[in-house]
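The same subunit A turns up in both complexes below, where it pairs with subunit B and then with subunit C.
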Partner chain A sequence: MKKNPMVAVTSLALLTLAACGTGEAVDLNGDADDVEGAVLQAAIGGEPDQLDPHRTSAYFSFQVLENVFDTLVEPDENLEMQPALAESWDVSEDQLTWTFQLREDVTFHDGSEFTSADVVYSYERIIDEELANAWRFDAVESVEAPDDHTVEITVSAPTPNLLSNIGGFKGMAIVSEDNVESDEISNNPIGTGPFSLASYTSGDQITLEANPDYWGGAPEIAGVEFSFISEPSTALAALSGGEIHWTDNIPPQQVEELDGSDSVDLEVIPSNDYWYLAMNINEEPWDDERVRQAIAYAIDREAIIQAVSYGTAQENQLAIPEESVWYTEYSNYTHDLSEAERLLEEADVDGGSIEFLATNEYPETVTAAQIIADNLEPLGFEVSISQPDFSTWLDDQNSGSFDMLMMGWLGNIDPDDFYYSQHHSDGGSNAQGYSNQDVDELLESGRTETDEDARAEIYAEAAQIIADEASYIYLYNPAVIQGWSPELSDYQARSDAAIRFRGAVLEE
Partner chain B sequence: MTDPTPTPENPTATDVEPEADGRVAAWKLLAGNPVTLFSVIVLVIILVVALLAPWLAPYGVNQTDVTRALQSPSAEHWMGTDDLGRDIFSRIIVASGTSLQIALVSVIFAFVIGVPIGIISGYLGGITDTVLMRCVDVMFAFPVLLLALAIVAILSPGQLTTMIAIGVVFTPIFARVARASTLSVRVEPFVQVSKTMGTPGWWILLRHILPNITGPVVVQTSLSLAFAILSEAALSFLGLGIQPPNPSWGGMLFDAQGFMSQAWWMSVFPGAAIFVTVLAFNLLGDGLRDVLDPKQRTLAEARRKA
Partner chain C sequence: MQLSPKAVARFLGTRLLHSAIVLLGVMIVVFALIQLVPGDPVRLALGTRYTQESYDALRAASGLDRPLWEQFFTYIGSAVTGDLGVSFRSGQPVTALLLERLPATLSLAGVGLLIGLLIAVPAGIWAALREGRIADGIVRITSQFGVSIPDFWMGMLLILVFATGLGWLPSSGYIPFSESPGGWLRQVTLPAVTVGTVAGAILTRYVRAATLDVANMGYVRTAKSKGLAPSTVTIRHIMRNALVPVLTIAGIQLATILSGVIVVEVVFAWPGLGRLVFDSVASRDYPMIQGAVLLIAVMFLLVNLIVDVLYALVDPRIRLA
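Showing the complex of A and B:
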């Protein structure tokens, strides 16, 4: 899943936002009599494009929706799947039928009862309307509700990653049919989560209110107010100034300074996102793997990481981070210009011009592109960097009008998410045009292999071929950087960057 | 205040500015004003630096070295280094060339298109005037940057696009100035006489009208250069002008905004470069107006005599 902040916050809007600062305190006491506690002020980097969890692909939306919706299962801090709306589950002997027992004490925010029909409706909506996450149900043949609190999912082949597919993030949330049918879900979503949406003022803020009937126990805080601050230094200033309690929009260059500060609690943890370089394999000279390898040898990874993250990111020549159980060690590419030259000579390529597709929306791509341009100059490559807005960027990527691009994939859990759609010949996100039959076979068998060790081996092998042939040149796993005021406690930054405020406590 | 040599109403009808006895040459008047003189000197220095930038720059403009990132100004790096370890001094002087080039080309573009529209419109009057000026009004109705942004969005960003965008945006300004001046010149007797003698219209425009409106147009050119530099900086700041890694003042300011508290030199020096250049063009424009506007000029001459 590409949880890309698709919200096109133009630079002009950015200036305006920066000028008007953060949200003001709003009195929630009037309509939250039964919940005590303070309202948490949180600042996120941009505004959600919409609040329909099934349709949005913007990370900003998920930051809010994480607190509004639930999934059947959800990842714990080690990204292992734990019960949520489903109390327990069984897999049949042949691995083809999954039976989920649902909780019985759950209601939606509008008071209606949560039943298995809602699960069936939600999943069928994703499948039938072919929404962005429909591919997660590729193996699913049917979703049925034998009784009010049981859901049966039938799959066509053993699917060891079904749990992470249906619970990995809130894009697979259980929604209410009434809410969808009334077309209100995109700006007034109704979920089963710890907070309900109280108000949404476009361009200003989103207010959540604690759900006193939450099945996991009512949250400690009375609510959360999300404001949108796109400029990291402004967000940090608001945090230090006490205007907000929490933000994830922190300039990485200030992490060192902030460490040990009294006014801000900072957490920097490795995330399971990754950033990569990809070359357009459908075009010369990139169809030659030696040319791609030469690039991999020529780039100065250390400099890139230093420049984009001030050392907070973790170098990785494969996608899956070190913390994951699926991690494979791999470090074949060193910064070695002579090796790069040798490879280019072998491929009979003598430099040329490179159109590097970057985008303003992700400033790290522009920063890294400038370093890469400098790295490739001695090889005779002249890099011109284009930085269109993100929707144009996506068009250019999908139509293959680029030589090289840098982008990131966010919030993956299962190795299948990391490799299948990006590197399988028929993968939905294989914009670079990579095709290798061995890799295809490995990725397909990984989908159905139920023995965890064997599965890990399959993915390790596939990943190494992918990196050897430089389908992607993997760069690094960025850190999740979040800061909050010392008044906020019992909150933890998570490596999947999901923001859960339900357990948080705020001193008044 | 007595005017020693009242300007004659131009009986010969061909001379632009009769060099009657006692008039002071324009450049002498210009040089006599210390502020103008200073701005000219500054602009000449900037121009020389811009032309020689590739040889003057002590470091490669795109030469990154992350280990030397964010160094404060020192003997080695006069204006410090940026977040990628590039030398800011080198980038600023190379960017000055780009900035001036864009400003000059776009203003020449605006001049070449705008002035003919203005004088034709002003001279012919009637329906031509109405149609042309309403078009100009429409272009004026758009905020300058918005129009430039739209043009850049249609074409892809880059140096040429920036020139075209700024040129197009400035064209109506030149058209207006030229038309207004033409309106007052075309009723002058020497024009009327020439007309009655059967001189073709294009000849009158070229020989009589154009030379007599140089004053305001030249002043407008100088001021437009200042605004063109500002517009280029703004477009580059928004990521729509000069594309990285190539240096531009606006782009450098954009990069600097994340480092305000750590590296003041990243924003101060490019900011100062824009400030000095724009101020110099503005002051030059002021000085030129004093000299080229007959009323102001008389005052200046009188002051000189006294």
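Showing the complex of A and C:
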């Protein structure tokens, strides 16, 4: 249900993410400004906070920016990295130098030529200004431009996930120095992508115009008009009423009903986001892994998934979804109260009170907390649920004032994204306080292992220990739910929830 | 009459001075309250995955590393010149962002109140003149419904019927009046009816009560016994005098709608102030929150000022002082 993009707000926050029934396709009633031709009307669940890809962390911003900016490489629909602004790359024998050959036919939307200097500028901006994504360059020692169309990145250790770090989402976009220096990038960004920004009315809409010179070929549609509809039933009404062609703000309870509808094409696919439970390992009794395991046995995952997503989410006891090449099968935890009781007895714990930190920003946390409270009652646990806003939630999480919390991570691609920061003893997002020497070593070696099979094994092993010891109790991968008018074709929903309209066709 | 230029000037002068003091108070209170609210704008902007260096850099860039008193005086200093700072969230000047939202807010508030008055004035007077009879009962019960119906539900109902069902009106969005008056009207109708119904229900009760008060006054009896036509009594003697309390409530309603009807704005994806404030609070965008509250305070003061001036026009007994 995270796809209720109310949620996505922080998206990045947590995340690496990047994270018509119809009337006339062409609606030029003046609000599309000077864009001529078939304009796709798209409704997203909220307004971007700003349009500087390096500074925003909001999913709503990236929904728009995905279509405006490019990265050196980009994930295909299987989330494997493919050429984008870089047409090819080589890694040196010692794995420490990456050389990227850039496309030569690329211009920014203002007509200026794209060269290696733009890449160097963009990356140095993130690194030097310590912007939020600076950690993605942790292993990077230098970014240089030996000539106009070559970029050389030197790393301090082999970095198999460099490509996903620099291309996983548009937060690593190549920007124009002039655009940044003129302070216009936050509301009038200039990129190299398939669409350029035509107009932005705060609170109302953002209009994009097809870039006829796009290196991947000019888009079929003339433009995209994004409107911001935060109430899912309004968005659905607008879609069924033909006012918009596309939205990802679909109430999950309507999915079943919409499936097979003539006026709305619906796509529900598993995302690579995940939601989890975590317990405060720094506090008793959660420092005892048996108590955490007991919780994992006691919760009714099926009921949680039904309640938060109306069954659209996919149960998963690890983080990485089944569709990913990095998937590991794991299903040790069954809904088994007697096993939970046995573990608690062994740990000499006889119930107690649990402070469950949920947040009204992500309603699924509140819904799930209620079910979990119910599940844990027979074990003698009394769960009190607090649901502050997200800002306060973050404070509470970071200061460790919780027994149990539920949260999600969005937009991860590489297994390092899924596990390192969350479960390494020194991980920046290890708020639960998990520490295991073996896991640390595995996660470190995964960072530098360049053989993909060996790397997959490392992460499979680490993930199993993490789940066995219940550092996180993984719950499910939510679905990406998008609906569009039958007039829209050649578009598909992606598991990283990136919205790409470059190939979309709108029937007139 | 009472509105001699001198009196008006003196009145406005005093009021402006009072307003300035109120605004200063508002700024101090808002600034202080924001500091008390838990939540860290820097952490929110960065999410949970960032380095300490990133955190420090953004904190310094936002000016949050400076002492509180320094932040406060910088804020007051620039606010006086109309510069309300730069939004943390969007990197845009707060003043510009607020002004961008004003037309939509004014549209919704104006049309909403108009609809409210169109419902309330006839219904309230009609009910009062038939006090205790069936008509009165119907109006009272209906207005009770109007007050009780959640605007969220009302909005969704209107969308279901008029947008999804009948397809007469769009379900969401906004078109500026300057761009297309027809488009503007189509867009504003459903949200304004939602706002207007609630406002109308509240106002009806006041109009009825005020009319009843006046209708029982001695001079109304005198007018009636003089043999004046009932319509003359109603219009000249009752309505005009009943207008004073109604004006007060209408003014408060207007100011309330102006300061943002968040729920209605969310339901209809209306780009008004309410959603801006809501988003800003959620992201702890201090400059934006301060600016928006200040603007709302200014609108309240303005509406009150206008209402006070109207009092004098409507009721000769009231002087501007």
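Here is the rule we go by: the second predicted complex is superposed on the first by the 472 of 508 C-alpha atoms of A that agree within 3 Å, B and C clash if a C-alpha of one lies under 4 Å from a C-alpha of the other, contacts with A are read in each partner's own complex, and residues count from 1 in each chain.
One rule holds in what follows: contacts are C-beta pairs under 8 Å (C-beta built on N, C-alpha and C of every residue); 3 or more make two chains touch, one makes a residue touch a chain.
Remember, predicted model here, so these are calculated numbers, not experimental data.
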item: First, second, both or neither for A:Y476, with subunit B first and subunit C second; value: neither
item: Contacts of A:S233 with subunit B and subunit C, given as first, second, both or neither; value: both
item: Partner chain in contact with A:F402 - subunit B first, subunit C second, else both or neither; value: neither
item: Chain touching more of subunit A, residue-wise (subunit B, subunit C); value: C
item: Subunit B versus subunit C as contact partner of A:Y59, first or second or both or neither; value: neither
item: Partner chain(s) touched by A:E129 [first = subunit B, second = subunit C, both, neither]; value: second
item: Which of subunit B and subunit C A:V366 touches, first, second, both or neither; value: first
item: Touched partner set for A:E243, first subunit B, second subunit C, both or neither; value: second
item: Set intersection of subunit A contacts, subunit C complex versus subunit B complex; value: 11-12, 231, 233, 388
item: Parts of subunit C lying in touch with subunit A, wherever the complex brings them together; value: 38-41, 43-51, 53-54, 56-58, 89-92, 97, 100-101, 104, 156, 159-160, 163-164, 167, 170-175, 179-180, 183, 266-269, 271-272, 275-276, 279, 282-284
item: Subunit A-touching residues of subunit B, taken from the complex the two chains share; value: 62-67, 69, 83-84, 156-157, 237-239, 243-245, 257-262
item: Subunit A residues within the subunit C interface of the complex; value: 9-16, 29-31, 43, 46-47, 49-50, 52, 55, 57, 129-132, 134-135, 183, 186-187, 201-205, 227-231, 233-235, 237-238, 240-241, 243, 361, 388-392, 394-395, 397-398, 421, 428-429, 431
item: For the subunit A and subunit B complex, residues of the former touching the latter; value: 11-12, 231-233, 251, 253-254, 257, 300, 302-303, 306-307, 360, 366-367, 369-371, 373-374, 377, 383-388
